[in-house]
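Following are the structures in question.
Same chain, two partners: chain A is paired with chain B first, then with chain C.
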Partner chain A sequence: MKKLLFYFCLTISALIFLYPFLWMISASLAPESEIGNLFALPSSFSLHSYLSMFNKIPIGRAFVNSMIVASSITFGVLLTGSIVGYALSRLQFKGRDLIFYIIIFTMTLPFQITLIPQYIIMVKFGWVDTYLALIAPYMINALSIIMFRQYFKTIPQDLIDAARIDGCGDFRIVFRILWPNSIPAIVTIGIITFMASWNEVLWPLIVIRDESLMTMPQLVTLFAVGGRAESQLGVKLAAAVMLALPIIIVYLFFQKYFIQSMTSTGIKD
Partner chain B sequence: MAEVRLKDVSKIYDGKVKAIDSVSIEIYDKEFVVLVGPSGCGKSTLLRMIAGLESISDGDIYIDDNLVNELSPKDRDIAMVFQNYALYPHMTVYENMAFGLKIRKFKKEEIKKRVEHASDILDLEELLHRKPKALSGGQRQRVAIGRAIVRKPKIFLFDEPLSNLDAKLRVQMRTEISKLHHRLGATIVYVTHDQIEAMTMGDKIVVLKDGIINQISAPMNLYNHPANKFVAGFIGSPAMNFIRGKIISDSELFFVSTDNLIKIALLTEQQEILKKYTNEEVTIGIRPENIIPSKLINENSYKITTTLDVVEPMGNETIIYFKMGENKMIARIQSGEVLRVNQSFELLINLEYLHFFDGKTEKVIE
Partner chain C sequence: MKNRRVKNKLLPYIFVSPYILHFLLFVAFPVLFSIILTFHKWNIISPMEFTGLNNYVRLFKDTIFLKSISNTLIFLVIHIPLQIIVALFIAEILNQNIKFKGFYRSAFFLPVIVSGVVVTMLWQQLYGFDSGLLNRLLTSVGLPKIGWLIDPAMAMPSIAIMATWKNVGLYIILFLVGLQTVPRHYYEAAELEGANHWQKFFKITLPMINPTIFMVVILSTIGGFSLFIEPYIMTGGGPLNSTISAVLYIYKQGFFYYHMGYATTLGLFFAMLILLVVVTQKKFLEKGE
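Up next, the complex of A and B:
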């Protein structure tokens, strides 16, 4: 009985979280006149909102832009995070711990504080309205460094020593020995980074004005709050579904690691 | 030709802790040298310094007359076998063995030839395509040795390679490594805390304590002529028995234990050596096998009657624990009669095999 009540509560909670999302998909496929109905399924399904949305905004181009930006950032973060994480976990040098504490400190700074200086740097570099403005500032982050550092600490020192005797330098140790043995950390950091950069809106809104360079969330946000949707809720919802779709696909593929990423403390099993 | 020379090598951590203190060792070509000592004595640190995995605070290390202090491990032409095998988990046995050669840009055919040769020596042919997690402890250790063999290095370094294996496998691997040493004619530096491994495998044993060399010698010489009380107690199992006391002169020289319950008349040649220690503190040492049942008559012996505290029948021999005065003693006697705890028993200490150590410096008196 207790178990039954427990499952009942869980089901209700799941429905509360899931319902808005299911409604969004259902409404995006419904005729415009039936969108106001919050509970019943539409009388007919149509792709009209999607076709209309495709005609109004370059969502395909934005998807490609988002893929380029999110993939480059993810790759960059994995590369830099693992290199710095290795240095902080395995190399001996003066000030190592101080550097680590400074990196942790940067995590406490909200994005809004660095927003303006970062924008000024982009202007000075002439990177505004280029991919570089979207990618370069995010190529390294504290969370990935900390997670890699913690994970690498769990790998036996003997393995690294053996590689050194076999003739490996530090980069070979990171990419030939540590990477293949840190798949859970790589996937976890990869998913977190990819999701964060995919969903980023504020920064692209500041540095990108050229529509052909806009990322999906930026384009969808401008579309939803700007006048181009012509107050049609269906097309806005269709755009929102398109925005969420890649993340859902990523989630389905890496579900196991995704959950791990939310609970992981960097400790190896 | 592969020789290693350590000259006044020291390792100081954080400017304070001296892990290795001015160690000098000469390791000759094809020699099997064992570094032995209790935990924390610095033996693994010393091996890692030879490997280049640990920096040197002071002194010089030469490999074949080349100063290698600043050389990275890959340039020292050494191979190392680790205690926990340190096999790359994502590679197969073949890839593990080939990895070092690939990095050194050997040709594929040469790599294949060397891996096949090593796997033949170590009986690994059937396991070449397995990953380390699919291997037993003994097999993993053989792969780790194979990885060292394929490199054909000048020096092999072993860091407690048998510690993670069970007792039976340890004995088996011990003989395999010894055979390998003769077969390859390799120069080996081997670290262990197990004095049986040291005694059975080494051509030369280096006994370390607190980062200081206590003695360097051939195994049997180390056993029969320990340089100090520590070496005497560390080498040999069960360990040597020690009794503290004084040398007194009473027409001739006697050893009298601190509790005054033991008075041993010393042999003529012992009196000669111990003359200058009259009224000085001295510790005597006697190995468990030099205490024998009294029915085995021995002229130069000291007779004791004692009660047995513990009896450990081992099959071929029996280890007995008893007290001599206030000193706890161990004897190893041939199994013959059945002995029981609390049984009264007469034993003879063979005085010819007594060792004498200075009461203050603990150095052997010779």
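Up next, the complex of A and C:
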């Protein structure tokens, strides 16, 4: 009896979390006259909203931009994070602790303080309306350095010593010896970095004005608040589906890793 | 040999140089420059104009700035307790011997991974006054409609409810992990002593998951001060500035009016406020342990 109540509570809650997404997909596929219908599936499916959205905004281009930006950042963060993390965990040098404390300190620094000066740097470098503005400031991430440092510390020193005797240099040690033994850390950092950059919207709104360089969240946001959707709900929802779908598809395949990664770091976008 | 020694000494610095470069360019310089900027008036194009403490004086007289702080507080007062209660409630149930645990977990987690832009666009429809799902449900059971986003007293609470819906999945999992660390024999011992369900919850569960609650409070506070896209899309900060948030106001001053000096002053002030609030919470919560 008690169990039944539990399942009832869980199912109602699950419905509350899933229903808006199901409605979004079904409404984006409904004919314009049936979008107001909140409870039933539409009588027929139509791609009208999607076609109309493709005509209004360069969503395909925005998808490519988002892919370029999120992949470059993820790749960069993994590369720089592991190299710096390696130096901090395995190499002896003066100032190592100082650098470590600086990294910890920057993690507690609220972004509100650096937002405007960072924009001014972009203006002075002439990076406004370029990929560089979207990518460069995010190429290094304090959290990922700390995570690599912690993970590398758990790898036995014997492994590194053996590689050194075989004549491995430090770069080869990082990428040939440590990387294959750090898959969980790489997956975690990769997922949270890719997701955060895919969903980032404030920074693109600030540094990108040229529509052909806009990322997906930015383009969809401006479409939602601007007048171009001509208050056609279906068209807006179609754009929202296009923005949500890539991450949802990846999530369906790698749910376990998503949940593990995000709960281990406490990061949301 | 000597050459190799020098190389070995330099190598660690070469390895950390990407970070140093990034730190100088994107952290140290911006922080120093922002302090200088707070004493100036500047629109980027014309030369900087020294204005002394003007920006600071203006800050304390700025009713919209004060409004954005009180809005953030309203958000936090609703968001934090709601988030903890809902997450704990669902986590408690999931911690029982339940089938399809994986499915439920994935469902609750879905809004966490989806862009805030999508979530906001969806809830804008749910909150619609005439045709929104929530008001239709209310009228179908004979209750009056609520002006979710058009009533100034309701708009910020509405955003807080939406933010809870978006983030709570993460906290459900965190609480679930916390609950699983509580040793089962604690409960068994308490049962032998004749403790009821509530006593067990308040005397055993709650103290054990205190660190998780602490984390939820800190992350939600930082989240509240970082609110941007939700009011930007949903309300534009209205009605009557009732949803203007810290970041939205910085954005408006900086990129709408090009008041770089004043926007930076706002940013610096909010950053200090966040640190102050978080440190106070930390002191308070650690005392409670």
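Side notes on the structure shown:
What we mean here is this: the second predicted complex is superposed on the first by the 257 of 269 C-alpha atoms of A that agree within 3 Å, B and C clash if a C-alpha of one lies under 4 Å from a C-alpha of the other, contacts with A are read in each partner's own complex, and residues count from 1 in each chain.
Keep this in mind: a residue touches a chain if its C-beta (ideal position, glycine included) is under 8 Å from a C-beta of that chain, and two chains touch if they have at least 3 such contacts.
What you see is a predicted model, and the numbers here were worked out from it, not measured in a lab.
In the three-chain model built by superposing on chain A, chain B fits alongside chain C with no clash. Considering which of chain B and chain C touches more of chain A, the answer is C. In the superposition on chain A, contact is made by A:P156 with chain B only, not with chain C.
The superposition-derived angle at chain A (between chain B and chain C) is 100°, Cα centres, a multiple of 10.
Once the two complexes are overlaid on the shared chain, A:P180 sits against chain B while remaining clear of chain C.
In the superposition on chain A, A:D166 makes contact with chain B only, while chain C stays out of contact range. When both complexes are overlaid on chain A, the residue A:A240 reaches chain C alone and has no touch with chain B. Here the smallest spacing between CA atoms of chain B and those of chain C, following superposition, is 6 Å. In the superposition on chain A, the residues of chain A contacted by chain B and by chain C do not overlap at all. Across the interface of their complex, chain B is touched by residues 156, 158-159, 161-168, 172, 177, 180-181 of chain A.
Of all residues in chain B, those touching chain A in their complex are 48, 51, 53, 72-74, 78-80, 82-84, 86-90, 99-100, 103-104, 147. Looking at the complex, you find that chain C touches chain A at residues 9, 11-13, 15-16, 18-20, 22-23, 25-27, 29-31, 33-34, 37, 44, 90, 93-94, 96, 98, 102-118, 121-123, 125-126, 131, 133, 136, 165, 167, 169-170, 173-174, 177, 215, 219, 222-223, 225-226, 228-229, 232-233, 236, 246-247, 250-251, 254-255, 260, 263-264, 266-268, 270-271, 274-275.
Chain A makes touch with chain C in their complex at residues 3, 6-7, 9-10, 13-14, 16-18, 20-21, 23-24, 36, 38, 80, 83-84, 86-88, 91-93, 96, 99, 102-103, 106, 108-121, 123, 137, 139-140, 145, 170, 195, 198-199, 201-202, 205-206, 217, 220-221, 224-225, 233, 236-237, 240, 243-244, 247-248, 251, 255, 258-259, 262-263, 266, 268-269.
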